[in-house]
Amino acid sequence: METAATLPGWRANLATIAALMARAKNELLRVPGAAIPGVLAPTIFFLGLNGVFGALTQLKGFTTGAYESFIVPVSMLQGAGFTGAAAGVNLARDIEQGWTDRLLVSPAPRWVLLAGAVLAASARALIPATFVLVIALLLGAGWPGIGGLLIAYFMVAAMAAVAACWGSSLALRFKSQSAAPLMQAGMMALILTTTAYAPLLLLQPWMRSVAKVNPVTDVIEAARQGFVGGVSWAETWPGVVALLGLLVVLGAWALREMRRTAA
Amino acid sequence: MSELAVNMRVVRALGMRSIRQTFRRPQLMAPIVVFPTLLLAIQTGGAGGAINLPGFPPVHSFLQFMVAGAMMQSLMLAGNSGGIALAVDIEMGFTDRLFSAPIPRYTIVLGRLAGTAALGFFAALWFLAIALIFGATIHSGVAGALIAIALVTATAMAVGGIGAAIALRTGSASVVQGLFPLVLVVLFLSSAFFPNELMIQPAKAIAEYNPLSFVVEGVRGPIISGIDANELLDAVLAILGIVVLGLALSARALRHRLRVG
Amino acid sequence: MPAIVVEGLERTFDEVLAVRGVDLEVAEGEIFGFLGPNGAGKTTTVRMLTTLLLPTGGRATVAGHDVVKEARSVRASIGVALQEAALDPLMTGRELIRLQATLQGLPGAEGRRRADDLLDRVDLAEAADRRVGTYSGGMQRRLDLAAALVHEPRVLFLDEPTTGLDPVSRKTIWEEVRTLNDEGTTVFLTTQYLEEADQLADNVAIIDRGNIVAEGTPESLKAQIGHPHIQLQLAEGSVAEAEEVCSGIGRLLPPTDAKTILVEVENGAGDIARVVRALDDAGIAVESLELVKPTLDDVFVAKTGHHLPKDEEPEAESEQVEA
């Protein structure tokens, strides 16, 4: 008995990634209110940080007079981190409930299974990012221009992919939703130990040291440039490189964990 | 033994259960301590230059200022966590066991709040230790520390009452858990993280009347400047206000729970 | 070429040897029953054969491919319905089977056609566009089975496919398994229910505590234990006389009470008529007569010293019996 005829490898892989992304959107569309926490958390942070720390712009050396412009890219990236980590939580739930076995027992390559979840998170992160952006613009944040906007969205999508790789690695390692706080806390630490709250020179010495080595600092600066000034390639490429580096490292870890699920 | 003594024994027994439950689940305790500590570190590192702003209260460091806010965040999460634990008891049917026992209903809620108070107490100690380790000083010394611990513990219990009320009303752990963003909202709209005078409108206006701001100032005062009777009185009255609100909501919710089963 | 070959397969978890050197062979086109109680190692073995778990010793090939070195080829050749139906409650039945088709690499149109055919086949066509979360347990198992078949696998693994199902749903699954097998699919079926193994399997291996304790066709395994016996009670007449009559037909067994006669017979039901005729000729009337056959549980007890769990009885039936 012969099994049914199949598509050539690359077409089958693309179709699988698309199908897994389609499944991921069910969570948003078919669970009432599922989108709310992901949108609410970064928005609350944006409004809260703006209302609480807005006076920091009065400090000598602050690069802009409008704190909402300064902080909006941080909140957009926080939304990306939250969304990506949530993808990890969803994977942990799928593992606990046995759904992941269905994927692992299929001939689809492991990287394809991971890519489906990661790309879904990237796409999904654009929703809270847009919500925060609209609120920020209504509150008087500077319009970043088309270039600045596209760069910011690119950073958001890529950051969500990084967060999804992080969350997926933890999900595959611990096989439990109880790892969720670690997924969220890790992203929070990565995104906020940067020039999130203030320019580099106004950070406390220890935070300045951390921010200098934290690759996400470049990501934030790249996403922020349109909101606080003009965009340039010089401000953008470090963020792109940082994200690619994080994707390679965390993606490799996630893939390794996925391959080790049978161990 | 008098009826009151008997009831207090019940409260103690349920309280011990609640405290054991709380401290036996590190994965639930961790977010209550880890997240606020992480945020404390990030905010002091990131926004620490704020102490140079004109009008900022005289402090040795931003950490000294922020410790009270971190305690508030922790106790709010503890209150939420206590509500979740009660909702889980309801979902699992454990509260039915208690309701069918010959004990006054208030002992059930009070016993649960004991766990929340224990978390608040632990949080206060933790953040005072963090502050001291990282070089912040407590202006009023031991007395100031004790006042901070007492206020935080009492507030944890008061906020726990509101968490318990929500748990009794909804009977759903996931609903109580979903209220976590509200914790952040309430904190941001208070003087937990920044002096009220330097906040931006409309957050500033709301923070001025937020009862949590009075509590925070009562906890913060002995740490950064000294013990102020008026500040303390405001804090105590605010806590009492939250207690009354929590009691009223809990009583109503309890009646509802007993009605629907 | 055998569909499945297992040689010395082992799996250790920390220091617990869950599967201890299992050897077996499943011929192409057969239904192979893997019978054992909970915790015997059935699911662990299946997870190794379906590449979800790496063996810590031994080797195995499925559909001609090594489960470790050629895992992807194994996955392309097998269909799997695991013990926990791996379903997504938010998806509809149709969406789930189409997703499975995509995972197996089927072209879109072919996948859609197969999904429709399979949903019809497992009697889920009407519920196909409802969310899986609204399905009953039986419907979920049928959907899981349909999803495992979407790419026409050479080998189908069913891990306890009827556990927790009512008798009607169980029989439906059995019929489907037989039909699949008639169409040429090799079926590797794990079960804790002896009746299921007895009814479905061409060959059975019995596993206990990680070891295969017996292997063969259900009939040959039962024959190893002994022949069936006839249990009869007399309406009137002498028991001693009846025993003497029966001893001419088969071997008398120790009676369980003074009024019951047990006689082991070689020809099973064929000897019933002989016994009844012989007793009738001797003027002895029989009140009740039952042919008691050895079961796989008897085989299990003989090999391991303890019983397999019994099938669950539907509550309504036992109430009627009590009334």
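Going in written order, the chains are labelled A, B and C, and every chain counts its residues from 1.
As a working rule, a contact is a pair of C-beta atoms (placed from the backbone, for glycine too) under 8 Å apart; a residue touches a chain by one contact, two chains touch by 3 or more.
These numbers were taken from a predicted model, which means no experiment stands behind them.
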Computed over C-alpha atoms, the centroid farthest from that of chain A is that of chain C
With centres defined as CA means, the chain nearest the overall centre is A
Chain A to chain C, mean C-alpha position gap in Å, rounds to 48
Distance in whole angstrom between the CA centres of chain B and chain C is 58
Dist(centroid_CA(chain A), centroid_CA(chain B)) in Å evaluates to 31
Where chain C touches two or more other chains at once, the residues are none
In the complex, chain B touches chain A at residues 27, 30-31, 34-35, 38-39, 42-50, 52-54, 62, 178, 181, 184-185, 187-189, 193-194, 198-200, 202-204
The answer for chain C against chain A in the complex is residues 29, 50-54, 72-73, 75-78, 80, 82, 84-88, 90-91, 95, 98-100, 102-108, 110, 114, 131, 147, 150-154, 183-185
As the complex stands, chain A meets chain C at residues 1-7, 12, 15-16, 18-20, 23, 26-27, 30-31, 97-109, 261-263
In the complex, chain A touches chain B at residues 37, 40-41, 44-45, 47-56, 58-59, 67, 178, 181, 185, 188-189, 192-193, 196-198, 202-204, 206-207, 210
